[in-house]
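Dropping a structure here in structure tokens format, bear with me for questions.
The chains carry the letters A, B and C, assigned in the order they are written, with residues numbered from 1 in each.
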Amino acid sequence: MTLSLVLEVLIQGMLTGLVYGLMALGLSVIFGVVRVVNFAHGEFAVVGMYAAFLLFAALKIDPFVAMGLVAAAFFVVGYFLQRVVVTHFIRRPDHEQFILLVGLAIVMVNGMLMIFGPDARHVELSYSYDSWMLGPVLIDKVRVFAALAALGVAGALFAFFRYTQTGLAIRACADNLTGAGVVGLDVDRLYALTFGVGLACVGAAGALLICVSDVTPMLAPSFTLLAFTIVIIGGLGSMGGALLGGLVIGVAEALASLVIAPSMKSMVSFALLVVILAFRPQGLMGKRAA
Amino acid sequence: MRREHLLLGLLAAALLALPLALDRYQTSVLVLVFLSAYVGQAWNVMMGFAGLLSLGHALYVGLGAYVSAALFVHFGVSPLIGLLAAVAVCVGVAMAIGALSFQFRIEGVYFALLTIAFAEVARIGFDHLKWTGGAGGLFLPVAGSDGQWWNLRGGPLFFYYVALAMAAAAFALCAALRRSKLGYQWLAVREDAEAARAVGIDVTRARMSAVVVSAAMSALGGVVHVFYYNNVFSAQIFDMTRSIDIMLAPIIGGIGTLFGPILGAFILVPLGEGLIFATQALGVNAPGAKAVFFGLALMIIIFLAPNGIWPSLRKRLGIGEAKP
Amino acid sequence: MSLLKVDGVTKRFRGLVAVDTVSLDVEKGAIFAVIGPNGAGKTTLFNLIAGVYACDGGAIHFDGARIDGLAPDAVCAFGLARTFQIVRPFPGLTVHENVAIGALLRQADPQAAFAAAEEVLRKLDLWDRRAQVASSLTLPDRKRLEVARALATKPKLLLLDEVMAGLRPTETDRMVEILRMINRDEGVTIVLIEHVMRAVMALADQVHVLNHGASIAEGSPREVTRHPQVIASYLGAEALG
């Protein structure tokens, strides 16, 4: 194990971690505002992967372009999912929300299994195997592009929540729901927008993930867990925390694959999760609940 | 109460005599029904009684299966004794998870996630544990041991009565727990933990006991599962879909009710078998079709009847089950 | 003889002092009121006594034993039961079950607990409602259920957090009657937080006034209402209820 190999793995982990972070950001945004845990989050990520895969296979649309289309489509899906279905569950007990979304997750993952079968698919880009040499360290171009795109989308999201009227209104909802209602904000609409934005994130992340990883339907549950792990480590409801959690998990898993075994990598994430839950339950960047 | 006892007696008699009228396949379906009702009952102790959502309940079933099967395969230990080890391991793990969660106030969504995480850790761990066959699975010797009831060896008919007895015992146990001091403490904790503390209930102890009882019950479910199927694969037994299967029957039947898990199992298992036939007959060679249907069923049930089917059915039958 | 002795208790939240070296001495058999404007730290003080929060300073003794630092359930087991300002019955359970769960603290056998609960429910005029699910009760009934559940734990002392709030005058009078009866017939000492001054005047032997987390006066209801600082901080602003 040479130093350059370790460096390479570290950098790869960070780059992939940023894409994971974008995926988790969607989960975090939805939970932070709507207070619903999207248990089908990984399933949406995989649908995003398949969508980008299909767009590439059928129309030769580059996934980095398809990312925009997928995100837009996912926004619409999220908007209506919240308006039509999830809204009825906002005031219901936690376990009922959970079960609803678990049901949705089962439908999605098995629906994909019916449509695409269990075999792995991937996208072969002209620059799939290009890389840069940074001294002795080899860096994949696609991974860099994917990480930059993830940062770009996350940046756009930060700007949306900080500078637009709608973004500020959504944050007002998250901070003080009753207050938001009192000052006349249309909470239902803002919730639907938030759900849409959250799914747009995960859709974009899916389109990016297809560039760096094969897709099978069975990835979905592990992505859901991954997203949760990241969000809890970073801090539920904290946007920066989701990206930071993604980085942490990306690096931890990459190192675990190298040092222990690729199939054991999620053990490391779960170990991190347990440590965080025990000693810093609000996550790395979360605020402690009163 | 009279009416309830009469119906219960009739049901028991019918179920005892039923195998006479069934073929081997139908008997095996009912074995699954009873096992599903049994494990559902165990899950229900945590969720329905104590309000603790376990989304990784396959953990305990899988551990029970692996412990008893490994002891049998490697040392020839009878599952009747292996059961004790299985229960001990499951209770130990449950207490560890419970201690971690309740010590650090991990509740609600976080608790549910933690249960999944532990099931996943077990899945990956057993995938790599050579002693139990790793990812290739652990197989029990089949030939030449039929009829050794003390080693839980037998055909569907044998397991029919084993599983029936388990389902009946779990029902009786839960009915007794439900009416006990501990049972009322669970309900109080489920309804409002802080208010429960204010009337002198040690919430952590109540939750811990629910986790322990549920894990111990599930361990036996795992033991019988592995000796019935003669094999166990970590990728299957600890899988999240297995955990979801465990929850389905009590959710559809009625969370927190005594008959819910039984009713749910009687609906879901035959429905699943029927769906397999239907998809085969239609020539749809789609492995996910059955699960898609279950996922939809789950969504519709939780949408329309979050309390499950039993509460409304109970009213029609005029049976008074103690309110959950 | 004092039953509850709060000795210089302090609680801070993120630098904000919610309760500032407050001392109380509640005689056995007394009805003791804690009053003060909103945000004076009354409920925080209750939470400190009931073990919900840990004290940042001071000590609390109950019936000769030191109870600060104990968990709420242990405090309740010592014979100190409380109600919540915003009532929290077990919503999905029946009235009878709610109270029986309280009684289970002193009664291992559920049947005996239900019998004990019946006694309490009859005393508080809730027996007719026994089969109703708690979430379906009206507010006055819920308030009485809250008292009933606490009473079923057979406490030596009841901490009542605004049990009159939101009640109409006739309902308030009824609650006053009930509390008097509990105090007189069962010998239960009562400490109550109350905004409804009519009830305080009618019930309390001793009144303690908090403002901004600190004690500003203590005495009989008549003395306290004449205290200039009390009038300035509280009664002046909100007028006599």
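The rule we apply is simple: a residue touches a chain if its C-beta (ideal position, glycine included) is under 8 Å from a C-beta of that chain, and two chains touch if they have at least 3 such contacts.
Remember, predicted model here, so these are calculated numbers, not experimental data.
Ranked by how close its mean Cα position lies to the mean of all protein Cα atoms, the top chain is B. Just count the C-beta contacts per chain pair and the biggest one is A-B.
Averaging Cα coordinates per chain places chain B and chain C 43 Å apart.
The mean-CA centres of chain A and chain B are about 32 angstrom from one another, to the nearest whole unit. For the pair chain A and chain C, the distance between mean C-alpha positions equals 48 Å. By the touch rule above, chain A contacts chain B in their complex via residues 37, 85, 88, 92, 94-96, 98-100, 102-114, 118, 217, 221, 225, 228-229, 232, 261, 263-264, 266-267, 270, 273-274, 277-279, 281. The residues of chain C lying in touch with chain B in their complex are 50, 52, 71-73, 76-77, 81-82, 84, 88-94, 97, 100-102, 104-105, 108-110, 113, 133, 149-150, 152-153. By the touch rule above, chain B contacts chain C in their complex via residues 179-181, 183-185, 187-188, 191-192, 194-203, 323-324. By the touch criterion stated above, chain B contacts chain A in their complex at residues 47, 53, 55, 100, 103-106, 108-110, 112-114, 116-118, 120-121, 124-125, 127-128, 240-241, 244, 247, 251, 255, 286-292, 294-299, 302-303, 306.
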